[in-house]
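Next up, some structures in structure tokens.
Paired with chain B in one complex and with chain C in the other, chain A is shared by the two complexes that follow.
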Partner chain A sequence: MSLSAASGSTKSQSDWHRRHDLPWLLLFVVPAFIIVVAVQFYPLVYSAFLSLQDWVLTESQTPKGFVGLENFVKELGDSTFQRSVRNSVLITGGALALQMTLGICLAYLTMGASWRMRAVRTLLILPMVIAPVAAGTLWRILLNSRAGLVNHLLSLLGIKGPEWLAHPDWAIVSVILLDTWQWTPFVLLVVGAAIASIPDDLLEAAAIDGASRWKTFLYVELPLLMPLLLLTLVFRMLESLLSLDSIYSLTFGGPGYSTYTLTYYIYTLGLRSFNFGAAAASSWIFMVFASLSIGLVFWYQRRDW
Partner chain B sequence: MKKLWLFLLIVALLLPAGALAQDMPHAGVEIVTNFMQSGTYDIGAEQLEAGFEEATGIELEIVASPFVVLVQNNITDLSTGTGEFDVISGDFWIGSVWGQMHPLDDLIERDMWTPNIIEGLMLPGPSGYFDGKRIGIPYSADAYGLIYRTDIFEEAGISADWETWDEFFEALDALEMHLEGSDIAPNVFAFGAYEQTPAIFLGMYDGYLVDAEGNYALDHDKAVAALNQMKSLLDYNPEGATGLSIDEANSVFLTGKAATMICWVSFVRADAQNPDASLVVDNWATAPFPGPGFPFLSAWNLFISGLSENPDAAWEWIKYYINEDEAKRRFVELGVGSPFLSTYEDEELIEQYSHDFPNMVANLNRAESVPWIFAAFEIFFRHMGEFVIGAVDVETMLENTLADWSELEVPEGLVQSAAAQGQMQEG
Partner chain C sequence: MNRQRSTKQRALALAHGLILGCACLAVLIPLAYLVINSVKLPREFLTVPPTILPSEVTFEHYRDLFEDSKTVRHFRNSLTVTLWTTGVTIISGTLAAYGLARMRLSARILAGVTFIFLFIRFYPRVTTVIPYFLVMRELDLLDTVWAIIIGQLGITIPFVTWLMLVVFQDLPREIEEAALVDGASVLQRFYRVVLPIVMPSVSAAAILTAFLSWNEFLIASSVARRKASVLSMAVAGFVSDKGIQWGPMAAMSVVMIVPMIVFALFAQKYLIRGITFGAVKG
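Now for the complex of A and B:
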């Protein structure tokens, strides 16, 4: 009985607090909520509206009218759009595979707290702090087929370097190389921190059980690292898909349409051709595509490692 | 008595102010002008800013932006009715908003302003016109050109007097034979700067760019011939030419590794005569740009925005910026191609640029602008890039270009420009 009285008193106290705090909570939450809605949802809703309109700014000051899903249908059937999707998948897929593999390897190779290892890690993360536009320009010079350092070094090994930026396939490889060079350090940093947080007793237990170094990595460390690796994969996937400035300065989308990615395509459509309707539709397709990719990674993450 | 003194004092103070108001009718007015952030046009404007403000009392703000941003700013400013800029810097790239520019004919007539600009540059196309009214005045002029090594030509006994591309190719054949065994290529062009390739095409193509219905189009047979001829130029270029940027191609010529170069002459003129940057000092000259097409023209115009609340003050700035003395100064100090004939008739400059001037003026007189909006240009050079690298054949390239162009509308101002320059299909 006394227990029930006490619980009744606690409940009424809690109700009073809730009633008393509610205005204050609203006072703090509502402005932030309005800002989030204004900053995030309004542009989204407006771009959804635009994606259903026929609007080319160079032809008309205002949208010409509602066209339903016409922009979506047109874009999905457009050969340049399809090629941009293919290039995005190739570049992001290739770059992610290289970055994750190299990042994990480098993280293990540079483990330790000695000054040498710290210095090596510092040097390795330098590419990450260079502005993508500058990195693209730098690599454009390095990959110059006539006077670039890369082909010069290859020639010292007796290899005739390819036309990095003038050949459609090598241009894709160049973009993958640039992305890998610049963003592998990110994987290295995250994985390095994750490795350091693995409890020593787990590794000692594996060693006592006679597990080899490779088996310890495969059955002890990798499952522990997996959630963070997947998160890193998501971050890098998004960044890579959204990459525009490095491609702009490295290949300018060329030769021809060879390195047009979805982001580059949308940029061209919206800000060079001023076709706002088509650009908005493409952006929505891109968002669905990116969301599905991320959803797939998160779905995979639910597995019990 | 005190009142009389006060009255006289006020009159004394007002007299100069009145005189000032007469001399400076726009004193206190604020105007905004924009330029491309190129280190040339914008710097030229900044150098004049203080003098202009002092002379007119107008407060001038100069906004300099990179090329693409400038085009975006101009189109969005006028299309959305923002009206941020009073004086707008542009050319055919902003043809979609030419209809929203302030006509200049009345202002020119009122001030009896007669600039001695090269005749061809004052015509519709190089100059902005809309519905028969002048809306833009050119303040720079640069035509796509062809430069050659005078020493090599002399050695080989070849004269640079071609009129057509066929004749130019004959010269290249002769050069190839003469240069056999050396590491000097008969020609170099920045094929890797994809947006530059249309300039060669336009030189080789003499068909229409807009059809009789006012759509983007090309004469199929003439376009095929020009595209194939353009691609055959690669045979005379150094290895890896499809990857050469403008700077890299310039460097090939400046280091003496090419006998001819197709380029914007203004990009290379100063360096070519600088012993620290060039191995060809005094051994090069500008040649006639071959036909039957035309040299691609870059002629920046100043326009007054139709949204400007101070068109008269904006006009004062245009007159201040575009004049013979300033054009000559910008040519000498900043390398900006002058639209004024007097620059090319200046005895001091003629002596200094004897290797350059005669053919440059001839090329400028033949030069034309194109009726392409940004999207049309982008479609063309992208598909052309695919053709140059061998990803598609000429028929597919044309088919893809025309299919993409069919989605675009040619702005009225550019239809008029095409018609005025003979780039429109008859019928």
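Now for the complex of A and C:
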């Protein structure tokens, strides 16, 4: 981060800065500041307050009173909550493993500045720009067990496709597939940019030393890419955990509760059952985990690699 | 050289091409199938095997959609939300970023500000959606586009401020110093000197904001029900209804996807910079 505040600024300049510039600069920040406080920080504090209250909108128009940590205790013991956590871990874990592997491979395979590679890259990033709700409906059409394209293609290979969206386990796989289809391009892009920035002479030196391509990757490139790969992993982990849209339109949480993720669970608990207290409490349990991950990203980004 | 390539090299090149071909097909086939579905006759849905090449191309689903006042309203709401969110975000976000960059804040404070941006980008948004719903209920703004716009601003403004902050920090201060000697005020310097230079980044930020706003679902679906509902909610709505209307659902998805694909093809560089921002610097 470049902070050239002191460089070249004489005393009179900084005096000018204080008297003439600073009021304007402060004024510039005010609108953004007000919106962020009103739309982000106030609701955040409000939700912390709600998490300690007993309030179900369908039973009462106002909070029924302070209940301490009762909401948290109830939620942690709730079987749907636990199931949602398990689903989130499975979905995000599976999707991350797939998209990191695929993304890194594709980043290597699409290296280069030829028009052909550029065209391939442009094409491959398209899933990422599609609205997640639309991607969900798209895969809902594709994965239809009887008349869907996926099972038809599988049958051409002599495989009998599963009941993708109707079977609890396959529904989880479906969500993983969708997340992988949509977000592998992200890994491809980030890793591709990183590979391009590795100095050529490093690779040439390795080649001259007689290292095979695979060994060069393992001992020269991978260590250089590692920090960025971890960063990408945490990025994708958070985004995948927080996504609601695609599950909403692909499985609607079903069948039953089998694809309820933590985000989906909190959303329905709060905005469909209107159990504000319980929803706020579970969202704060989620928040603790997310904050730790965000802290990790922050710490990583500020280190000089 | 080329003639002398060994069989092994040729096999590798072939494998390379095959893998990339498969990857491209994995992207193209689903998209093509969606488009095909949107022009299929209703009786060709749910056939076994699926109808890949429809016997007849029909635009009835699109016609039905756009003759339905509901769809027209969804479309109009989506446009209103996207335009307002983008406009307000770009103006206030760019100004705020410039202010922060030129305020001569200490490194510690700037780090704190960056952390706040990072936090807002990644904390579980579902935490604040419920209180936000309650606030909007209190203000009697539920089911209005304003509730959606204000809610989205809370996400897009910090993001754009962060993006632009990096841009302004990388801009050498000497560029402005000449204008400073002329006694130009901050506003003049910003408008005449700085803004023309950073315009490409501002466009990138605008494209990214429009993209986020157009695709956004969580906030819209939590504060809007009927009157203010937007396209993303309409697309999701086809599923929760009993009995899926395949044709309209596909057509609606196409309507939603196409503008973003056009964006992606024409402003690829900008969009990519925005989407990967934070993971890749600059």
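Basically, the second predicted complex is superposed on the first by the 251 of 305 C-alpha atoms of A that agree within 3 Å, B and C clash if a C-alpha of one lies under 4 Å from a C-alpha of the other, contacts with A are read in each partner's own complex, and residues count from 1 in each chain.
Please note the rule applied: a residue touches a chain if its C-beta (ideal position, glycine included) is under 8 Å from a C-beta of that chain, and two chains touch if they have at least 3 such contacts.
This one's a predicted model, so the numbers in the text were calculated from it and none came from an experiment.
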Looking at the overlay, what does A:35 touch: chain B (first), chain C (second), both, or neither?
-> second
Between chain B (first) and chain C (second), which does A:146 come into contact with in this model arrangement: first, second, both, or neither?
-> both
Can A:81 be said to touch chain B (first), chain C (second), both, or neither?
-> neither
Please determine whether it is chain B or chain C that touches the greater number of chain A residues.
-> C
Considering only the touch criterion stated at the top, classify A:271 as touching first (chain B), second (chain C), both, or neither.
-> both
So, A:252: does it touch chain B (first), chain C (second), both, or neither?
-> both
Which partner does A:72 contact after superposing on A: first (chain B), second (chain C), both, neither?
-> neither
Classify the contacts of A:130 with the two partner chains as first (chain B alone), second (chain C alone), both, or neither.
-> second
In the superposed arrangement, does A:283 touch chain B (first), chain C (second), both or neither?
-> second
Residue overlap on chain A between the chain B interface and the chain C interface 140, 144, 146-147, 252, 271
Of all residues in chain A, those that touch chain C in their complex | 1-5, 8, 13-14, 16-17, 20-22, 24-29, 31-33, 35-36, 38-40, 42-44, 46-47, 50, 105-106, 109-110, 120, 122-134, 136-142, 144, 146-149, 152, 155, 181, 186, 189-190, 193-194, 228, 231-232, 235, 238-239, 241-242, 244-245, 248-249, 252, 262-263, 266-267, 270-271, 276, 279-280, 283-284, 286-287, 290-291, 293-294, 297-298, 301-302
Parts of chain B lying in touch with chain A, wherever the complex brings them together = 68, 72, 75-76, 79-81, 96-97, 191-192, 194-195, 238-240, 242-245, 248, 251-252, 373-375, 378, 382-389, 391, 400, 404, 409, 411
Would you pull the chain C residues touching chain A in the complex into a rising list?
-> 16, 19-20, 23-24, 26-31, 33-34, 37, 45-50, 52, 92-93, 95-96, 98-100, 102-104, 107, 110-111, 114-116, 118-120, 122-135, 150-151, 153-154, 157-158, 161, 169-170, 173, 180, 185-187, 211, 214-215, 217-218, 221-222, 231-233, 235-236, 238-240, 244, 246, 249-250, 253, 256-257, 260-261, 263-265, 268, 271-272, 275-276, 278-280
In the complex formed with chain B, which residues of chain A make contact?
-> 56-59, 61, 79-80, 140, 144-147, 163-168, 252-258, 268, 271-275
